[in-house]
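Right after this note come the structures.
Two complexes, one shared chain (chain A), two partners (chain B, chain C).
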Partner chain A sequence: MFGHLFIKECKQTAKSMIYWLIILILLIFFNSQLGSMEFAEKPEPGQEDYGMVAGGDEQATMEATLGYLVSEYRSGSFTTYPIGFYKTVKPSQKELKRIHEIVTETTGLSTDQEIDDAMTAAQGDSQIVYGSSPVKPKDGLTFERFCALMEETDDMLGGGSNYSKESLKTNAKTPMTYEQALQQYNDLTEKDHFTGAYARLFSDYMGIMLGILPVFLAATRGMRDRRSRMQALIASRKASSAVIIFSRYFSMIVMLMLPVLLISCIPLSECIKAAGGGIRLDYLAFVKYSVGWLMPTAMISTAVGMVLTELTDTALGVLVQLIWWFLSVFSSMSAMHGGIYGWDLVPRHNTPFNYEGFHAGFSQLAANRALYAGISILLAAVTVWIYSLKRKGRLDIRGKLFGNRKREHKA
Partner chain B sequence: MANYLEIARENIRHNLPVHAVTAGILLCLSPLVLGVKNLPLADTAKVLEMYVALIGIILIPPVFLPEQNPDLRDLIRSKYTKISTVYSIRAIEAVLVLALYLGVYILILHINGCQMEAPAYYAGTLAEMIFMGGLGLLFYSLTDNLIAGYMIPVFYYITAMGAGSKYLKVFYPFSMTKGSYTEKYWLLAGGVILMATAVRIRSRK
Partner chain C sequence: MSAEIKIEHLNQYYGKKQALKEVDLTIQQGMFGLLGRNGAGKTTLMKVLATLLPKSDGRITVCGIPVEDSARIRKMTGYLPQDFSMYPNMSVYEAMDYLGVLSGLSTAERRKRIPYLLEKVNLQNDRKTKVKALSGGMKRRLGIAQAILHNPRILIVDEPTAGLDPEERVRFRNLLCEIAEERIVILSTHIVGDIEATCEQIAVLNNGEILYQGTVSGLIEMADGKVYTAQISRHELPQLKERYIVTSMLTLGNNVMIRFIAEKKPFASAESCDAGVEDAYMYLMNGEGSEA
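This part shows the complex of A and B:
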């Protein structure tokens, strides 16, 4: 029964105009973002520039971050990007007093004059390039204590500030050496087998689309029965609600992942061409990343669309998913470099490099993906429950009980 | 005239509130996630173009929704008032609600000390709203599917975010952030044409 319905649903999806629009959008988006892929080349010694690397040692991180802290403290307003949008936070007097204590504890500067003098003195030159003028930390300040105080500051500011855990990793930016550039290239070819790095970049871009597009397909599918007045007919059939809903759900996931896997053949073939013969490639990398990284995103987006469409018989799921997607995409912009995956709906890793970051954040990423896959199955189960109630004539939002919107006449 | 007012009144009573309330909630939520105080010029434009303008997608495409059922369309066609007039009145009402919301939002930004070139920002954001909404309305009319009406402007928005002005040229929606207003004339003209075309197509279906 399940197999039969599954095939039928796949055919239904293939006939859906929304489905073909999604494929068209995926193709256009892929072409605009990854249409002309540039592949990394082995660095040569003596090059003028090897690029920059975010982050430095503990001392550099503390100096750069304290540079931000003292200048923002003096101006009385703090810049934050809670979801990628600029937000100015003006702390209360009590909070400013606490921030002043933190400035004193971390830099040893207590009066405004001392802070201004330190900021003026900091306008010197350094091998390290900072986002603000570096300020030296107080002697004896440990990095652990510094991190704890910065976390407290970030909490007071509502998150997304220059003192958040993520920002501490990128506040200091240093020029890359030849050795670092070579190590980065070796990671790409040896640990990532070349294709792995580009599969991650592919997942980064396609994840943006799969975070929102599946909800349109799910909402359309959910409303189709009502539009074609087939609800009663289907409800009277023998197939259980679980079989009907799960066959629908899995068919949509399979049909959504199919074009993603087919599109991934384009960058894979380009990788094979670009790598030449000297690199041992992982030919299955794009499949692994598509299933492990992208599929949970498609699953949750589809599930949100299904459950809310089934519950309300409206396109509410589209709006909810759009808001979630919006918040997720903008809030993860500070983690574009990869390695900081958190619980983002759309994990970002917008570079073929940073294998180290990926490796370090892998368990978090795996937990993230497993969580969304689990929640999506749970939402599909809730959809089954709602659907079975509606089949029994309960919870009919458009029925006579809740759906009567006729105006009351006084006559 | 009385007929037109009655059509507008019925729309306000039955169709408009749910979408207007949704758009209003979206705007009311903005201070939780966005800065709406003391913003510099470019950041004020960013909030308006990238967040506030999204309500155009919520309010304009559902203009055709009450006649989703083809039988209803046949019924309305049998009436003296043209169906295109009914759609046009609803579309104008949607734009008026957008204009009102945007005006109130910009006023709040102004009171909160955000820097702005108020008339230009107002007109520019409204033009973007009309374009995105018009795009949705056109695809709704072409496909008879509201979901497509939401999906295409969302894709347009994402393309603008990702590819910037490279592909969209004069139809790039976030130009005010970069200090350019030329694109807004194109968006306004394009939006009006899209809406008019959508009404025409839908009226013949």
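This part shows the complex of A and C:
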């Protein structure tokens, strides 16, 4: 029964307007972000610029970190990722006073005016500043003392701030040398087999859309029975609640992943063309990344939509997912370069490079993806339970919410 | 396994409101009519039997199986709710096929049963028509076809003729009678004509209580000798309506030909006539004759 129902649900999905709208959005988004993909070329000695690399010497680390510190201190708001999720921390007056003392000790700036002047000077003529501009440390500040003060600041903010030990390693950005650029290119072609790097980039972009679009499909599917006044006809059938819900769930996942896999053929073919000969390509890289990286995002987004729609018979799931997605995408912007995946719904790796970062953060990424896949299956199981209660007339949240219980049960 | 539905001391509550009160019913094979006003508790009883509502109190067995065993009950029950439709973008055949899968029918069984049933409900030429394009009557016929798709032993139909035109209604009644030859069919309705045309065994439900259970002829017998006709002037009508239960009237110029219920002959010009189901139902619902 499951197989037949699964196929029927796939066909229903294929006939729904929302599904084709999702595909259209995916195509437009792909085209706008990855439509004209530029592929890395082997660096040549004597090039003017090889790009930037995260990390630097002690001086650069201090300058970049202090740039964050004075900027966040002036705004009175600090960005942190205590357990991998975005959080804005507004310290108490007492904590702000202590942070002010740290700013003064590390930079020599004691008044707000001095801080503003230093920030303006650091920004130069630029009207748009990404992240933060570096601020020079106070003469005589040792790196050890700097680290101790940053650790204290991080503790005050609850951890996961720009002043944590891990962040200090990546706050500074320094120009890349030829050797570093060559190493990076070799990683791309040898360790990543070229396609792996671009599959990650593809996953980075498509993950943004798959974090939100599936919830619309799930919500409309969940409400279709009630809107079509078909609930009683289905509920009175022999099929178990598990078969009904899981066939719907898996059909939606398959139908969502199908266009993703098809779209991934475009960058794959471009990779094959760009790589030419001499590079051993991983032809299945896009499939592996789509399934391992993107599918859990689609799964959780779908499951949130399903469980909340089934529970309330409203589009509440869309609202919840929209908020979660927005916070996740916003919070992961500082980790766009990859390597820091935390527990973000939408892990970012917005570069074909940084294989080292990916390699170092792989176990965290794997745990992240496994967690979301697991939670989504759990949510689908909860949906089965809710649906089962509703089938037996033991649960009617919508009736309670909208007071139509009497009408629905009128005899 | 006994082919009967046994309901004992069934009570049903919605919060503090009691929808069914100490309902005792035994339903045998064939057509069984459940008659009552809107709000009498018919749909509640149908939903409990279809396992879509948990009973609050009492005992129900369907062919020997307790109603709590919803999985087994659903296998043997077909249900046509009062207010239903199907996915509007599906064709008639697709909707039947989808529900057939949910009923656990194999591909071969569905290929055999669906055309047969569509022919039986006279929708064989509309198998490709979208559900949203069907008329009310066609939708009802499709509804009955889906309810018997898995050849259930029990068929529960809730107010199936509401909103149908007279021709569709007659066709639908005949269809139900055909189906009832080999199974238990419970027809819930507030339309006396539906019961009169189709059922031998009936129950009358009022405010959640069973007022009558037995044969249609038994119900009619209750009103025997209490139904009269008379031709009266129009200005006498309001006064007569206050004193007697008027079951029908026909205007004839300044006069009115009325049919009413009275315990004994009320006036000389009144003539006794044979009672019908509607007369008996009205008699029963009005406390077995008010002043009459």
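Assorted remarks:
Convention: the second predicted complex is superposed on the first by the 295 of 411 C-alpha atoms of A that agree within 3 Å, B and C clash if a C-alpha of one lies under 4 Å from a C-alpha of the other, contacts with A are read in each partner's own complex, and residues count from 1 in each chain.
By our rule, contacts are C-beta pairs under 8 Å (C-beta built on N, C-alpha and C of every residue); 3 or more make two chains touch, one makes a residue touch a chain.
This structure is a prediction, so every number in the text was calculated from the model and none was measured.
Touch criterion met: A:4 reaches chain C, while chain B stays clear of it. In the superposition on chain A, A:235 contacts chain C only, with no contact to chain B. When the shared chain is aligned, chain C comes close enough to touch A:244, but chain B does not. When both complexes are overlaid on chain A, the residue A:273 reaches neither chain B nor chain C. Using the contact criterion defined above for the overlaid structures, shared-chain residue A:25 touches chain B, although it does not reach chain C.
For chain A, the partner that touches more of its residues is B, with chain B and chain C as the two candidates. Of the two partner chains placed around the shared chain by superposition, neither chain B nor chain C is touched by A:94. Residues 405 of chain A are contacted both by chain B in one complex and by chain C in the other. Within the complex formed with chain A, the chain B residues making contact are 14, 22, 26, 33-35, 37-40, 43, 46-47, 50-51, 54, 58, 68, 143, 145-148, 150-152, 154-155, 158-159, 162-163, 166-167.
On the chain A side of its complex with chain B, the touching residues are 17-18, 21-22, 25, 28-29, 32-33, 77, 80, 82-83, 85-90, 205, 208-209, 212-213, 216, 219-220, 223, 227, 315, 318-319, 322-323, 326-327, 405.
Interface residues of chain A facing chain C in the complex, by the touch rule stated above, are 1, 4-5, 8, 12, 15, 224, 228-230, 232-240, 244, 391-394, 405-406, 409-411. For chain C in complex with chain A, the residues that touch the partner chain are 14, 19, 36, 38-45, 47, 50-54, 70-71, 74-75, 77-79, 81, 83-89, 97-99, 101-104, 107, 146, 150.
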